[in-house]
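Both of the next two complexes hold subunit A, though its partner changes from subunit B to subunit C.
And then the complex of A and B:
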């Protein structure tokens, strides 16, 4: 009984930590996008893609990726780039690296 | 050379081979032949026999490629219409080329007001790849490029031009066989796409395309590694994107790695050569007016390579082209002196589509080796060395290359001015931190909201022509000649 509660608590904390990270990561990305693209006309959700965001094109994409790498102190592999289909996958690739 | 007969034989001899890999789906030559034949029936049924210029919606699918071949076998030309381009621009092209019918593989037809002919879900017919009679003067395609006065200008290319190109392509010895897997990275509105699908089709090789919603450079890398591509033609801007990742790239399968469309820096080429250790690397050059490309230089891995300001030489003319370098009065300049590069030969277009004014400006006749020859002024400033290799020095006008696309800066200014109620604007090309060219716009005014302006530009111009940065200045600086000092304005973006 006790063990199980501990496990539940630990799971709960794990999930909470994960959720907080996700939110912090998204907030950081959102601020970066705003500073690079000069606007905040986008809503952060997992299905958000570059197409939905004004000015996020192949030219700014490179710059956005570089800024994200700097902000999280990570380095994307070339192979990671094709996995970045939307905000949700971007966040999980970042999570796998921090 | 009988291009269409060669195409017919190549397809017939390769029925079991893969012809295309589009979005991870493989299509055999047999399937390709079937779709071509089906589309031919629809073209005959739904378009007028007299119609020669047919629009083509450029989707990334097997039907669009089959439509090109079907039109050619029917002796008709295609005019690519990118569905992502602003409708205004596409309508200008449709009107200029006098297009009545448009082949379209979209689920929902793009232009419902024209005679759109759907190329999907057609009934299977008997396979028929027998070409109609075409002459050297029959048009194969018209590509529209940026024009200075706000209207795009059409470059018509005939089967004679195209045969001239293919003949000189084969003479380069960058041999393609039916074993090869070849990259096709270009939008079908860009003429480098033509060699990227046509050369492999003529040899029974397989063509790998890039889905429109993918990031090009990283997708190219995955194709190269996962599908062991053996042949590629790319614009140098792809190299600039890939450069931070060069250490991750190792493609021993690549046999030929060609570059075209923009200046190719020597240092990046040297670094790239390690990513494709077994490939012959080449820099090819040419404007749409002279059919795809017409000059070639093979990069030397171990020897020295000629360059000017770090830009690799564009080499010598291919077998069906003659080049000269001239001064303002069309007199040939001495070896080592700079002048404008001019081209002539079998690949040269007969002239812009219904644009006599422009034709008078850029085409001229000159006695060359005893023959009265028609030349085209490229607008590229060049010089030639004692070995006959041509070095690219810059542009003589205000044209820029954005990811290989030709952009007349004045066309952007034209549309910006009309959107801004006559405020003065200057469009500039500048080189960004990763060595790619971007477009900046300077507006002679106090800072204003640019949302409306960008909205207007997006309605008129393709994405690659939209300025990525906008700056304001109260009055434009002038140089000593009293002209607007563009060099100073460029510093607004690069400093």
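And then the complex of A and C:
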């Protein structure tokens, strides 16, 4: 009984830790986007795509990715690029690397 | 057989009837009739290369499956490389061999090595630039796990050889075409009539506008040394319109014909001259090629060079556009054409004004003065660059441009007053106005929402224009690529 409670608790904490990270990652990306694109007219959520954000086009895309790599100290692979469909997938690719 | 010929009608009508009657039972039946017709169609265009097409289908089908079924990434990559070598090799051999060979011998000559060369007499298999790009994209998508490889040889063969697009595109993606031929197609009256409308507009663009422009352009370009700068400028204006009308007309026919079979091909042109900057123009011009280049050349290249920031971007853009130019043919004129377009992007990259594709004066009847000015300035830039596209050599293109900007630029060209030119301008004005009116729609002649009397008046007007002014030549500009 006690054990299972402990397990639940640790699960809960892990989920919480995971959620915290997701939120921090998103906050960091938000700030990066703001500084690169000079505006914050977008709402951060998992379904957000480059199309919804003014100025996020194929050209600024690479600069955004470079800044993200620097900020999280990670390296994307070319294959990762195709997995980046929206903000949710970007966050999970980042999570898989830190 | 080209789309605007009687022999094509004789081919198309029975195929359509059989397709929607005896063979409509399921997708396999539909695909069988389409595949057989496609192979006949290709053989009719050039039977000598039918074997090559079949070989390419077989090898790419096999490699797609091999890439996915190999467990180690290293092996997958080897099969991908094999496919890249095969497809690019085909293209280089048939299209670029003499170009590289000649260049190589010239370099030897520079170093005083005496070498002679006889260029090989290699015939260009029709449609090769289009179908090899499709197979290349397919293998890369399979490798990147973007799509599953096709395990149905019938469907895969049809994906490559489907006759509405085999000769000159649009360059289709497996992602969008294969799912459509996996399912049984059900007849839709709306789609069918929309296809007919799009064909009608394509016929008009090709047979009336492009042919009329050709009639004016050819004598000017063929004898440019003897014309005034003002007439040369007019010649380059008509050529830019000819190129657009010829290829967008072809594309509208191809897409329209495919709609008759219930298959949607990708859009190839989105009224590109109604753009206010060069990047917007390229998002609307030959879309199936530019998006291909974007996905398979520009993105990997700019990704590799991303640490060089904007310089990396500029290098990637220029390299991509040189390749876009070179894709059209083994000639320095095309390389120059691509290079120039790449250079035009530099101010945009540094000013950070890379906008998304947008419709000029959306929801309005006419553009603002500023928009109009930007569109015109861009058009002049494009039409001058198109001279490289049309000229036989780079020197000829430079001479042509130099002759434009001479004192005779201010000489009034008397040809303008001839009936041929006047008719040309009136037809062009009509063409441009209709395109402008429909710039927010799915295609240039999407008028399904008009009431029936207006719709039919349109059809009759266009039909009569084709009847009175239409001409039929045996080819399209893009068939040579």
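Here is the rule we go by: the second predicted complex is superposed on the first by the 98 of 98 C-alpha atoms of A that agree within 3 Å, B and C clash if a C-alpha of one lies under 4 Å from a C-alpha of the other, contacts with A are read in each partner's own complex, and residues count from 1 in each chain.
Here, a residue touches a chain if its C-beta (ideal position, glycine included) is under 8 Å from a C-beta of that chain, and two chains touch if they have at least 3 such contacts.
All values derive from a computational prediction rather than experimental measurement.
Engineer: Does any part of subunit A touch subunit B in one structure and subunit C in the other, and if so which residues?
Structural biologist: The overlap between the subunit B and subunit C interfaces on subunit A comprises residues 51, 57-60, 62, 78-79, 81-82.
Engineer: Over in the complex, which subunit A residues touch subunit B? Could you list them?
Structural biologist: Against subunit B, the touching part of subunit A is residues 51, 57-62, 77-79, 81-82, 84.
Engineer: Which of the residues in subunit C come into contact with subunit A in the complex?
Structural biologist: Those residues of subunit C that touch subunit A are 144-146, 279, 294, 298-300, 302-304, 306-307, 309-310, 312-313, 317, 349, 352, 354-356.
Engineer: Okay, in this complex, where on subunit A does subunit C touch?
Structural biologist: So the residues of subunit A in touch with subunit C come to 51, 54-55, 57-60, 62-63, 65-66, 76, 78-79, 81-82.
Engineer: Okay, in this complex, where on subunit B does subunit A touch?
Structural biologist: 213-216, 218-219, 221-222, 241-242, 245, 248-249, 403, 432, 434, 436, 438, 463, 468
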